[in-house]
Amino acid sequence: MPSAQHPLKMEAAALSAFLKQAFPQFHGEILSVTESASRVRHQVSAEHLRPGGTVSGPTLMTLADVALYIDLLSKIGPVPLAVTTDFTCHFLNKPAAHTAIEAEARLLKLGRRLAIGEVYLYSEGVENPVAHVVATYSIPPQEKV
Amino acid sequence: MPSAQHPLKMEAAALSAFLKQAFPQFHGEILSVTESASRVRHQVSAEHLRPGGTVSGPTLMTLADVALYIDLLSKIGPVPLAVTTDFTCHFLNKPAAHTAIEAEARLLKLGRRLAIGEVYLYSEGVENPVAHVVATYSIPPQEKV
Amino acid sequence: MPSAQHPLKMEAAALSAFLKQAFPQFHGEILSVTESASRVRHQVSAEHLRPGGTVSGPTLMTLADVALYIDLLSKIGPVPLAVTTDFTCHFLNKPAAHTAIEAEARLLKLGRRLAIGEVYLYSEGVENPVAHVVATYSIPPQEKV
Amino acid sequence: MPSAQHPLKMEAAALSAFLKQAFPQFHGEILSVTESASRVRHQVSAEHLRPGGTVSGPTLMTLADVALYIDLLSKIGPVPLAVTTDFTCHFLNKPAAHTAIEAEARLLKLGRRLAIGEVYLYSEGVENPVAHVVATYSIPPQEKV
């Protein structure tokens, strides 16, 4: 399994502050940001549930998208115009009811124009992942000063 | 382009009622349900926006998931345990700011165990789609009575 | 359903000649190239079959990749360095045994750096598609002369 | 990262024999099959090349499909009717020219009806992967004797 490492341009604290400003509607928590991966945790509340008390698919996809965005920014710095171009999610196991979700995101490729990463999503404390995501981000050309 | 038709087991009104009960947090509106496709509209409010006033990717994916679920239920009836197993979204064009999103969903295959469908998402009144989704639903075995 | 039209920069005959040179191992036939879509046909021989006489998944994916590449080149001209960056295939119905496959490819987006398209694959003469593909191509920056 | 283990129902030698019979056109070599992953190697010859001497995308996808099928069979036994239902490939780095490709495949989920797995593809001896695949297989109901 690949384990590429990329030097950090932003640490967890700076990312939290950036996120709070750019995405005030996101209420997750950055657990860790390293050269190889980022971990994000999202408390689950009533609005994220499907019938049966389980977490909805779109809630999982939202968390994965944010976690990968965080991991990307930690390696390229605060480029707010990086946008998702494709996003593929496979739902693997039913999330545990009323349990927070953790996302572990890392980059498979960090190019000049495109970054591709994958995310495993877990119900907190459960070993088997609930979902897997792979997605591409388009990185806008940086202006030279 | 394929244009399969499947007899309706639920009409738009029944689907709206079902949705309101099963997914109270969803605030979209079913525009039409036919044998070949379903159209759903979602008003965009502040919580769905990214910086710049555009609609966020997860908001688009949520709407696509619901629209395809509606189209599926219209053909198989109220089976609440049908679940998404994979979901692939390509983001095509930046959504218009502060404009409602419309989803047009239809099934590419309706099998006994799996249904596969695709969704085009549009900013209301704009010709080019903002996103395309293809996804699979797993249909639980129906108990024979 | 979207129906974007893009002016042609290469016609079917020029594309056939280009393909024969760049991909001598491809033995398909371009049926038509228009401003909205391209159709390609691939005769099926023993090497493409799975047990049971049906066409293998990789054979379908190969044809879809070529068909979309042809449709892209017809709109941007002979840029041999355009490369696939992601490729998602859903297998819908078992292909008819010993029957040629037809691909219908069209672009969902033609940007300056990325093009995204979709392909429906059919067993010749059968209405329901056997597979659906959506894929992204990265277009290298063109040198200005 | 998940590391699920599943007891083996077929070892590498039996898989090679099965493959030789069911897919005589496949010329790869099974390097290893364990409870957590399978590794397959594919020599690259002229027919698999794109202009520039690099391995074509469809060649990579074919190898990934076979590698995941092998890993699945090693865990469920010789079920020839297991079929791919979706297949998503991200192309990460240009493969090294004239170099064999290795695939490392493992299951993310092994259910009764569906199995989902992922594959990393490498140019032999190169650390960064050239492609990543995630795919679903539908497992036909087993007849009880």
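First chain written, first letter: the chains are A, B, C and D, and each begins at residue 1.
Here is the rule we go by: contacts are C-beta pairs under 8 Å (C-beta built on N, C-alpha and C of every residue); 3 or more make two chains touch, one makes a residue touch a chain.
None of these values were measured; they are calculated from a predicted model.
Colleague: Farthest from chain C in C-alpha centre terms, which chain would that be?
Modeller: Most remote chain from chain C, centroid-wise, comes out as A.
Colleague: When the contacting C-beta pairs are counted for B-C and for A-C, which pair yields the higher total?
Modeller: Per the contact counts, B-C leads.
Colleague: Between chain A and chain C, tell me the centre distance in angstrom, where each centre is the average of that chain's C-alpha atoms.
Modeller: 33
Colleague: How far is the middle of chain C from the middle of chain D, if each middle is the mean of its Cα atoms, in Å?
Modeller: 24
Colleague: From the mean C-alpha coordinate of chain B to that of chain C, what's the distance rounded to whole Å?
Modeller: Comparing mean C-alpha positions, chain C is 27 Å from chain B.
Colleague: Residues of chain D that contact two or more other chains, please.
Modeller: Only 85-86, 88, 90, 116, 136 qualify.
Colleague: Could you please specify the touching residues of chain C with respect to chain B in the complex?
Modeller: Contacts found on chain C: 1-2, 4, 88, 90, 92-93, 104, 108-109, 116, 118, 120, 127-129, 132, 134, 136.
Colleague: Mind listing the chain D positions that touch chain B in their complex?
Modeller: 85-86, 88, 113-114, 116, 136, 138
Colleague: Sort out for me which residues of chain D touch chain C in the complex.
Modeller: Listed in rising order, the residues of chain D that touch chain C are 22-23, 25, 47, 50-51, 57-58, 61-62, 65, 80, 83-91.
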